[in-house]
Amino acid sequence: MSRTDTSVADRPTGVPSPAASRSGRGLTERLLAVRELSLLLALGALILVTTLYNDRFLGSQSIKDLLLGCAILVILAAGQTLVIVTRNVDLSVGSILGLVAFATGELFLAAPGTPWPVALVTGVVLGAVCGAVNGGLIAVAKVPALVITLGTLYAFRGVDYYWAAGQQINAADMPRSFLRLGNQTLFGVPVLFLVALVVVAVAGFYLRSYRSGRELYAIGSEPAAARLSGIPVGRRVFAVFVASGALAGLAGVLYAARFGTLDAAAGTGLELQVVAAAVVGGVAIFGGSGSVYGAALGAVLLTTIGSSLAVLRIDPFWQQAVVGALILAAIGLDRVLAIRTAARLRGRSAHVA
Amino acid sequence: MSPDAGTITSPPLLVLDDIAKSFGAVAALRGVHLELHPGEAHALVGENGAGKSTLVKILAGAHAPDSGRITLDGEPLLLRGPADARAAGIAVIYQEPTLFPDLTVAENIFMGRQPLRSLRRVDIREMNRAAEQLFARLGVRIDPARPARGLSIADQQLVEIAKAISFDARVLVMDEPTAALSGVEVERLFGVARSLCARGAAVLFISHRFDEVFDLCQRLTVLRDGAWVSSDPTADLTVGEVVRRMVGRDVDSLFPKQDTVRRDTLLEVRGLSRAGVFSDVSFHVRGGEIVALAGLVGAGRSEVARAIFGIDPYDTGEVRVAGRVLPAGSAAKAIGAGLALVPEDRRQQGLVMELSVERNATLVRRGALARLGLLFGGAERAEARQWTRRLRVKTSRLTAAVGTLSGGNQQKVVLAKWLATRPRVLIVDEPTRGIDVGTKSEVHRLLSELAGEGMGILMISSELPEVLGMADRVLVMHEGRLVRELSRDEADETSVMFAATGQGATA
Amino acid sequence: MNSLFRLRLGATALTLTALLLGTAACGGTTRDNAGGSQASGAANPDAPIKEGLKIAFLPKQVNNPYFTTADNGGKEAVTEVKGEFKEVGPSEASASSQVSYINTLSQQGMDVIVTSANDPNAICGALNQAKAAGAKIVTFDSDTKPECRQVFVNQVTAQGIAENQVKLISEQIGGEGEIAILSATANATNQNAWIALMKEELKKPEYGKVKLVTVAYGNDDDQKSFQEMQGLLQAYPNLKGVISPTTVGVAAAARYLSGSQYKGKVKLTGLGTPNQMREYVKDGTVDAFALWNPADLGYLAAYAGAALASGQISGAEGDRFTAGRLGEFTVGKDGVVVLGPPTVFDKSNIDKFNF
Amino acid sequence: MSHDTLTPAPPVAGRQSGRLAGFGTALGSWDAAIVAGLVAAVLVASAAVPNFATGRNAQFLLLDLVPLALLALPMTLIIVTGEIDLSVASMVGLCSSLMGQLWLSSGLSLELICVLVVLLGALLGAVNGVFVTGFGLPSLAVTIGTLALYRGLSFVVLGDQAVADFPADWTAAVVRPIPGTSIPVMVVPVLLLALVFGVVLHATPAGRALYAMGNNSEAATFAGVSVARTKFWLFVASGAVCGLAGLFWTLRYASARGDNATGLELTVVTAVLLGGVSIFGGRGRLLGVVAGVLLLGVVRNALQLADVDANALTIVTGTLLIASVVLPNAVRDIRARLHRRRQHTRVTAP
């Protein structure tokens, strides 16, 4: 036939030098490590400045407060990372947290003798159900998660309000053993923070070392290719939303334990902080890269900023502005890094035209 | 390879029987029958749009056939998704690489099948080692631990191939895998395919390169317009016969370029360079002539066109249109100066598939058609009607989404869109890729006519006969440089090929 | 290129149009205070309370337990006067949605609208329209500008709060040391009035050794208040006591203290509900705090509304009316009715209350 | 085969044609459906809800919708190009508190302040635009960032105070009805702006470019559209309109505060999506959006008048949003499935 591709003929195959090849080993991982390291540095600098201003900031009480304060955000950020890595987003976590926290209180009101592990499991299951609603709608509608979870952000909160009808649940309504969970320490570390650590470790380990975890990155990196390589994209995304919901549920129960006073507004607006924590922590908003550890560090950083501002007696209104600026800085930095990495990788490609 | 090449004795491994698939109102495949035997390399050929890729997608489980049966080893095979195909031992190398840019090369290869160690953890070290082994088998060196982002097209294709051979496939489907590969790499790939065949697997090979087809395959199936035409041993066929079956008629009178009067220089490119992409490209195009830009895929031809047209920036050099310097980096200014670019990728660059024929045809002229800054449908419709008639675009209505048209008619809409701007210089990048033979000759006639009217035409084409048939002059690029300029008389298959592969001195 | 130019032209034109629209209204207006006037008709103290009055409660938000309690008190009163009770309100405490509800209520021909303002000014226009449509306006808890309502039912006089809170903290810290205030939001009218008066009160000789070091704002947000409390204790190592005259703030502060090393060492008082604070009073974090009874507040507001709608009072100073079980009240200056001094809760009496 | 050059469509070219056509029709009818839904909602509410069909209620309803309608206009264009601006409500808040601060302390005339505030809005939008188009960052992430940043700044500017002493004739002017009617005067500029945006979107070269880049920005670039700069100016326009909305908000409620219009961005996005604009970009009409805004307003107002709990309203808003994206897709899917089944039976019929 008349169609002969002119590119049939030979052309030399560029072979990269072994040195270049070795230097590339684990480049992705090193980049991530850089991100986590820079977060740690920022955190360190922040703590240092604040401590110089007021040395109580590094007191054991203060550290305990910090750890306690960030635990819930860390858990939510871990869940959010799972979602964002697949190129989705879950804006309904704040509402799920509120709903579950209130439900936990209601559970104790209805059945005062309930042991706290039962409440914990109930909360996680309720959260998972909410997550399943999100996941199901996304699967059915094939619409960006942003829109669906924006809708359920309203809907779950509405259900929560409707149920609560202005009622408040107080610490006295909940068993002491449960409340202790919220403030107790183990070897000087708040139990809540330990729970968060476990969640982060498990989620991080899962994302890094398990096939299905790696598939989440694949889905976020290139959804069409993921489908073609036989990854059950729909099922994984659904599962991820269930997991995010379940973690929001866990966070809701812990919220109830920590704060003791519950009304239907618990966790309002939290979704923004959670997304901010993940983005600041280096999770790419368009999926495919980022780690739970980074997101957790992002959450710790955001919480610490809040506490620092209070200690430095800076107008708390600056806090929100700082969070916004931080998000912009983080995504801007990511962009710069991505461009530079891409340039370097192009340079090292084996076949340069 | 197999001793009894061409004569099939074993029972078929995989049978596709009476497969039909439609997209909307368009039938992509109807009544297709295909048998793959163990140890056989089977070629699937057909024009672009004949339904090959659809068939591949069906085998891969990405599309479900509307009707028909697939059997594997005589058992009915139900493919509900790519996972099922994989489980059945069907591996597919796609025409366009489908990699995960954020993941490492090794992970791309082993996604979903990563080697495990204790606690069912992914064994990264083992995975990298296995990937290195695969690359060794293919005779290439790609760092398995680097991310796939930034790999050249050829390397991406090699990763795809490594992926496909990494699990012992019983059926290996290769959809034009060699387009971006060098000869050495192609040979190694064929070596791997042959060893798979020797172990009783079947290979389905899709390619436009007949030398490769006849080199590798024992049998050959021809598709035309979504329908099965023939399946024969390659030994019984000639290239000419296969082409006749593909297009359904003789192909001689395809390139009717007439001689025209050469006029003034309309486009002049001097010392154009862009780091890492192309360097020091200089040439000119005069009114009335068709200048072909030939070269291998990846030689930088489209990139030069993009830079001239202001899509991409360039580092140094200068572009003049009709003697006046064209500012860099603005397509709008290029259009204003009288340039038009019919891009390489019609779906992504040439057309907005979701918009109507009318909107697409008048998209560039939207400013010129406005009265007092306002556009009400009338002017656009009239303009679109005029040009679609002139180019004989076949569409039910001008308001139909352009995506519903056939490839040839889509290309005509792209041409209509640019001709409507009445350009001085028309740059066409692969103007007949993926369109049917009839439309192809129509496009060629049109280009010839336009040159006759005094337009300067720069044609990028990978189809050598098209280049040789149409061009007054042939410019050949190799690895980002313009290496040869050949007159119509000098240009033949050998001289162009030699220059394109960097062996210019001998031409 | 053309289109870009046009778009930019469009954007510019748009901005200009916008500016024109903005400026068209009138010329050269500068800051200049305009005063309001308050009209009050004659009242007939002997007029009977009408039956079947449509009385609507519009709290700051419907999901706030404090307002739920207050509204329930209102409901009790409305039932007593054989009226129709209704509670509506936004799910978030914003003035704009309150305006929308006021409009709805005036559409529905309510006789009385009892509201607690999210913003003293923002809902004025709507209230005036409702008044013009025949509704009587009573505010409670948080007032609007006086000219926008007939009666404001104040839980307690600002003076009363200030005296009470300063006295409580001074007693608890033993009459000397640094104290801080953890407030709600800085534009909460009542909070600011109280804080100003507390500062006055602290100038009295008996509080000479009590020093107010700062005012922090927890935005009536639990977590924010919690963090602010934490920040206060770190920023001021010599802090002896904290006053948090807001129910959200005091509960968060108490929770922080009860789980910290400062428990029992730093004193906390403020305005809180017994249900929220019971825990912390019993575990020794908090000695005593105060609050009015929100149910009584709502109850009184409902009666004031009924009295207005029946013509018993007009909102003028000196008008008198009877509010069911709470007895007789007199309208003070600017149409303010005061519920009474706050109740102090401590270990001894806290179990007698449930709200 | 004949030499007929106008060969009928070879099969593969129509790869997505069925879906595309189906989608097109579904959305085309969505436009009509939303208008029909609006008419139905008004009729039902008039019949079933007391006090709904009154002039005064119309006035309240329309006044409440002014900021929403204003913000929905540029948002429509932005979403059509495939971007999103979540910072609109924060820009309204920042413009409002700046207006308050200027009025409080600068001594400038209110006219000048209004001008400055609109310019500030445009500047804030330009910051979004620079981040999105200059640095090539996803608008979703950028505007979530500026959502927090601008809201934070709006509190920083005014602290927690509220500035309320705007001249009464100004505050009265914005709520006044057109003499002899119960339609608020402010509806006129909103309609004018809607007309401007409608014309830009549907009847100018720029509008054609917006649809093109929303569907396929690469193809738009090849057609000479300056995608980045066009988007930049859209964000600027969005900011300027937010400035206007900030002015209106401040004057209508006679109160400049940092928390003005908090959370409005969600309602705006809801209204725009409800109006049939595709979140993927490239599809939707301004008429549908105006109808969507009105529908949202009518439903809320009617439910409020019918004494439905505010919390139920929250649920209704969320459900409307989900339904507005799920329904067209579900309809499309069902159509595609029916179509396939028809084809299937045709093919396999003996």
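Think of it as A, B, C and D in the order they're written, each chain with its own count starting at 1.
As a working rule, a residue touches a chain if its C-beta (ideal position, glycine included) is under 8 Å from a C-beta of that chain, and two chains touch if they have at least 3 such contacts.
All values derive from a computational prediction rather than experimental measurement.
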Field: Target subunit D, source subunit A, minimum contact steps
entry: 1
Centroid-based (C-alpha) most distant chain relative to subunit A: B
- prompt: Where the centres are mean C-alpha positions, what is the separation of subunit B from subunit D, in Å?
  reply: 41
Task: Would you mind pulling out the distance in Å between where the CA atoms of subunit A average out and where those of subunit C do?
output: 37
Message: Two or more other chains touching the same residue: where does that happen in subunit A?
response: 157-158, 161, 165
- request: Would you pick out the residues of subunit D that each touch at least 2 other chains?
  value: 159-160, 204-205, 208-209, 224-226, 309-311, 313-314
Field: Junction residues of subunit C, two or more chains touched
entry: 1-4, 6, 62-63, 91-92, 217
Query: Within the complex, which stretch of subunit D touches subunit B?
result: 1, 3-24, 199, 203-205, 207-209, 211-212, 215-216, 218-226, 282-283, 339-340, 343-344, 347-348
- prompt: Okay, in this complex, where on subunit D does subunit A touch?
  reply: 131, 135-138, 140-142, 144-153, 155-156, 159-160, 258, 266, 269-270, 273, 279-280, 309-319, 321-322, 325-326, 329-330
- request: Spell out the residues on subunit A that touch subunit D in their complex, using ranges where they run on.
  value: 89, 137, 140-144, 146-148, 150-159, 161-162, 165, 272, 275-276, 279, 285-286, 315, 317-328, 331-332, 335
Task: Enumerate the contact residues on subunit B facing subunit D in the complex.
output: 20, 22-29, 47-51, 53-54, 66-67, 225-226, 247-249, 309, 311, 330-332, 334-335, 341, 343, 348-355, 359, 362-364, 366-367, 369-370, 373-376, 392, 394, 400-401, 403-410, 417, 436-439, 441-442
- prompt: What residues on subunit B touch subunit A, complex-wise?
  reply: 60-62, 81-86, 92, 94, 98-104, 107, 111-114, 116, 120-122, 140-143, 145-147, 149-152, 154-155, 163, 179-180, 182-185, 208-212, 239, 242-243, 246-247, 251, 254, 276-277, 294-300, 462-467, 479-480, 493, 496-497, 500-502
